[in-house]
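Heads up, there are several structures right after this.
Consider the two complexes below, in which subunit A is the common component and subunit B and subunit C are the respective partners.
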Partner chain A sequence: MARATLPFAYAWRNVLARKLSTAVTLLCVAVSVMVYVVMVSTADGIERVAVSSGDPRNVVVLSTGANSAESSRLPPPSIPVIRHFPGIARDNSGEPLASVELLSAQELWRVDEAESGEGGRFTPIRGVTPSAFQVHTGSHLVAGRLPREPGEILVGRLLARELGGVGVGDSVRFAGRVHRVVGVFEARGQIFESEVWVELASLQTMLDQRDVSQVVIRAADPGRLPEWQEALSESRRVRVDVRLEPDYYADMGRGSRAFAYLGNLVGFLLGLGAIAAGMNSTYAALSGRVREMGTLRALGFGRGSVGAALLAESCLIGALGGLLGILLALFFDGFAMSLMGLAFELQVRPSSLGEGLALALAIGLVGGLLPARSAARLEIVDALRHA
Partner chain B sequence: MRRFTSGAGQLRMLLRQVMRSPRRALLTFLGLVVAFFLFTALESVLYTLEELLAQNASETGIFMRPRSRASFFRAALPIRYVEQVRDVDGVVEASPARFHFGAGVHEGSFVVVVGVDPPSYLRLRPLEGVSEVEAQAFRGDRRGALMGARILASNGWEVGDEVTVRGRGRVPDLSLRIVGDIGQGDRMGRVALAHIDYLAQVMGGQGRAAFIQARVAHPSLALAIARSLDERFANFAVPTRTRSERSHAAGILANLSDVLVGLRTIGYLALVITILVVGNAVAMGVRERTMEIGTLRALGFGRGRVMALVVGEAMLLALAGGLAGALGAYALFESGWIAVPRMTDLSLHSDASVLARSALLSLPVGALAGLVPAFSAVRRPISEALHGAD
Partner chain C sequence: MTALVEISSLRKSYWRGQSEVPVLADLDLRVERGEFVALMGPSGSGKSTLLNLIAGLDQPTEGSLRIAGHEIGSLSDRALDRWRNRSIGFVFQFYNLVPVLSAFENVEVPLLLWPISREERTGRVTAALRVVGLADRMEHRPGELSGGEQQRVAIARALVTDPLLVLADEPTGDLDERNADEVLALMRLLNRAGGKTFVMVTHDPRAAAQAGRIVRLEKGRLVDEAA
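For the complex of A and B:
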């Protein structure tokens, strides 16, 4: 009996006894956890687009020295050379699996929005040929048909959603003219879902440009990709840079690190605030129960178990707050956001939820430590005499 | 005089109340510091972004580029449009520009060369750090260049040097003679200005610009002139799209809006939570002082006076914590230590207006926090309060 521990129910009842303080601390913890998880999920959402966008069998062919499609320009004579480079996979009809693409970023408006005043959404416009759907695995039409003439476009699933549910038959405006949506496509969460796809030829006319940005090609033998990549880069017939598609898009994911960094920082700061609030209410709980603590000690409960009971209370509030925070954060799973033309969905991963819960427990633990120590140090006689 | 002493007396009383439980005051203070630090830090980030965009956006500036464009940086606009823009009533000056992206001495370093027409450019955009002698040298030397301080420092170049900016990708190298230093201004730190016709000679694309910038006589003219210019060039080989610099900056901000709204929400969320934290702490104090408050009321302190004391306590705490947190964040951001990872050029900073707004927000935060405890302090009848605690 001398070293008996207080039952868990004791901590639980005490948590319930002081409702207001408990609620405030709980909310503090919940908000810290929610903000942390949401920010990390933002980073994960961007990261997922970046990671899912590359097919490990594909390489991206750019002009020499170009870091991205935006700065790359391949002149028309180089295109057949790339398309017929030995080692390219072919489709059933024997055509090479090569997607010739021209990329451009345009400001885009829904047709019912006024073009003056505020700027439009920066939207990537990709001029493609039907091969694009074969080379970019996972991309397929979910509604409508392929564009047949200038002025007809496809929109990606996420872009359509972001434009307020634009669908087949609706119109959007960019590059100074109105374009009609004839199809909506999906691409397994890849970057293409935040783009407009148009026929390569009509984009070339629109931009008055014959060059293209890049050619994405599929290797016939993915096992020998590195050698193939090297052979193509060193080809004397074209001067190009060749990058593996997954690597190419992984660079894009670097932007997500800023969010992860910010999420950690903000989570840490909010956590500090929650610790202060938690400590305050745990101290108040202690000062309101000094005599009770003395009685418990007199009954034979040890110093440690009295302190532990208080610590358990604090951790319990932390854990409850953490659960609430996680619940709130789960509401943001799949939340659509856009950042400079990249549309993505927040991805709440189980690991971030775990981290959030760990943060909550840490807040509870740190917030309860000092009050628990004070409780353990109480002398029985003083405590019993406490007013 | 009496008012002064009574004011000072009130403050002493408030202070004594706050310090009744130094530990609680300290913890609440810390919570406030953290929340206001976070709020001010986030607002400073937003401020930096907005200012970065607004800096280049004068109210009288307009900005013309081809209506359809593959890339912002491609030179596709005929330079001869400049003359026609200048002829429009209300346009003070117009000047073309195009870009050359290169690398400096070190592999992977970035030098952005902006090709301009020096006389009109310097009239349009006088550069503070450039002396009249340097400006004259720039105008007179076809291969001359004015360089930003950061380029000079990172490459070890000096005014008077003959340097080569290596082209990236298929862009050819550019050899330039540095005739002046743009100075310390952050904004142009990584920019080099060169002659647009010299750039065209090296890179090709004679007579083309990426954009034309112009200044109009009065801000109210910007929109109308921008429209009339687009109408004028609508049937030309390269139709244009002209907008005011302000609306251009607004457009970029609009595309960041999801993030901006998110950050702002987090800041305010922190403040709202803080109201609860402070309110809770003050309420604890009020509960402990039930008897004392009963005594005060028995001595003739009115409900209003007692409530003012409680609200005052919350406001004092909030002001102290808010000021400390806001000042801390302001000092940290202004110190220039905060850099965005992977964006070495963008140093975050803050502004007195951000500091003032955060610090002033601490007053309503404190007032709101004190309100509920203040009501609960005077709700109880005096006799009951005098009988003591719960």
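For the complex of A and C:
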């Protein structure tokens, strides 16, 4: 006996009885959990785009020493060398599968919001040739047609969503002029879906630049990709760095881990706040019920039992707050977001929800520990004298 | 046969810093089974302290305190918890019911520590509430009951374990005359007809008049005993 605990109804009704303090604590826990889950889901969303991007048969050719397309410049004479490098795959008409691309990040506005001048989105603009759709597997138009002249652009599906449903016939503004959307494309959730694609030549004119950023090429024999990659990197005719396309994007996605750490940190800090709120509320609950605790002790409940009863209440509030928090976080599942030019959808994974719930329970447990100890340490006679 | 409560040379002091504050000194007292003892005396004379010692809520500084032949001063914390649960019924001045529990659940509380079935518990609780005349108020929370009714629920809670001894510290102290009379009549009935042993602290001579014996404390000593 003596081990027996008070019934669940006792904890439950006490939690309900102190409505305001329960509500405040519950909200603190819920917000901590929600923020934690949303930040981790942001990281997961970015990572999903990154790991799904790239074709394992492709390599990205950059100028030597360039870490990213932004810092890479390939002069025009190197382009035919790369396009005709032995071992490159060819399409049905015998043309090499090579996508020559110029990348530029531009601040972009919808035309209807252009006047305000603020709040432009940092958006990757990719100058491409029609080969891009062959080399980047899975990319295809879902509406409209390819651009034919300067001022005509394609937008990726996620970017279109992010811009509030921009479609064919709408206009956007970047690089100091208005561009008309003539087509919308999909790319199997790859990073390209958050980009604007324009004709390579138009972008070169727009930026007044002859160099390109990169050439993405397909290997004819994917089985010998590492050797091919090495041969190209060591070619005497061009000085280039060659990266496997999936690795190249996966590296970009690593940055998202920073978000996950930030999520942990913010979750932890908010969690500390929630612990303080919970502890405060549980201490308040105890101070209002000292005599009740003394009575329960007099009736035969042990020190541990009254401590456990209080701890149960704290954990119960934690659990309820956690449930509310993950419920709120679930609303963000699939939420379209754009960070540093990358559009992606938040991905709330079950494991993140589990972690959120664990965070909530930990908050409840830690917040209840000290008050529970105080309850267990009460001397019955003093507790019964308590007003 | 030994008395139910046998107290001899009992001493209880509190410490305030280094200085000893004696509360009970060299106290002897016997309470027989089936007695109804009223404990009277001025405020601060040590009545509650004595009752708490008999209840096993507090430890004596010195002396012997035997209840039903067991020396309870030497029991461990845990053993005392168990002993109180089995052997003592409590009635407090302010009822001390758990506000979030119904009358039924309040009476059930001490039985939660017993290894008995829910049916048996329900049977005992219902019977106890019937004895105090509150069978029709089982679902009410304390806040929905009058002071007198709350104290009767508390008495049912004290009886439900069928304890050796019921200890009541000013059980009518917070009640008006009519409710006090009802509660006293109930306790007397339980004593006379049910054979329960009561020790009741009271300031109220009308309450004390219901007892079989009055014991007076003054400055921590028994001054006389009146039948």
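Heads up, the rule we're going with is that the second predicted complex is superposed on the first by the 350 of 387 C-alpha atoms of A that agree within 3 Å, B and C clash if a C-alpha of one lies under 4 Å from a C-alpha of the other, contacts with A are read in each partner's own complex, and residues count from 1 in each chain.
We take it that a residue touches a chain if its C-beta (ideal position, glycine included) is under 8 Å from a C-beta of that chain, and two chains touch if they have at least 3 such contacts.
Treat the numbers as computed from the prediction; the structure is a model and nothing was measured.
**Q** Once chain A of both complexes is superposed, is A:299 in touch with subunit B (first), subunit C (second), both, or neither?
**A** Once the two structures are laid over each other on A, A:299 reaches subunit C alone.
**Q** So, A:96: does it touch subunit B (first), subunit C (second), both, or neither?
**A** After superposing on A, A:96 lies clear of both subunit B and subunit C.
**Q** With both complexes overlaid on chain A, does A:14 touch subunit B (first), subunit C (second), both or neither?
**A** The second partner, subunit C, only.
**Q** Of the two partners subunit B and subunit C, which one touches more residues belonging to subunit A?
**A** Higher number of touched subunit A residues: B.
**Q** Who does A:273 touch here: subunit B (first), subunit C (second), both, or neither?
**A** first
**Q** Answer with first, second, both or neither: which of subunit B and subunit C does A:45 touch in the superposed model?
**A** Neither partner.
**Q** I'd like to know which partner A:339 touches here: subunit B for first, subunit C for second, both or neither.
**A** Touch partner of A:339: subunit B, not subunit C.
**Q** Check subunit A for residues that touch subunit B in one structure and subunit C in the other, and list them.
**A** Touching subunit B in the first complex and subunit C in the second, no residue of subunit A appears in both lists.
**Q** Help me check something: in the complex, which residues belonging to subunit B touch subunit A?
**A** Going by the criterion above, the answer is residues 23-24, 27-28, 30-31, 34-35, 37-38, 42, 67-72, 76, 101, 168-171, 223, 227, 238-239, 241, 243, 247-248, 250-252, 254-256, 258-259, 262, 266, 269-270, 273-274, 276-277, 279-281, 283-284, 340-342.
**Q** Write out the stretch or stretches of subunit C touching subunit A in their complex.
**A** The contact residues of subunit C facing subunit A are 52, 55, 57-58, 77-78, 81-82, 84-86, 90, 92, 94, 96, 98-101, 105, 109-110, 112-115, 157.
**Q** So in the complex, the part of subunit A that touches subunit B is made up of which residues?
**A** Touching subunit B from subunit A are residues 20-21, 24, 27-28, 31, 35, 42, 63-67, 70-73, 102-107, 116-122, 175-176, 206-209, 254, 257-258, 261, 266, 269-270, 272-273, 276-277, 279-281, 283-284, 337-341.
**Q** Tell me, which parts of subunit A touch subunit C in their complex?
**A** Going by the criterion above, the answer is residues 1-2, 4, 6-7, 9-10, 13-14, 16-17, 291-292, 294-303, 380-381, 384.
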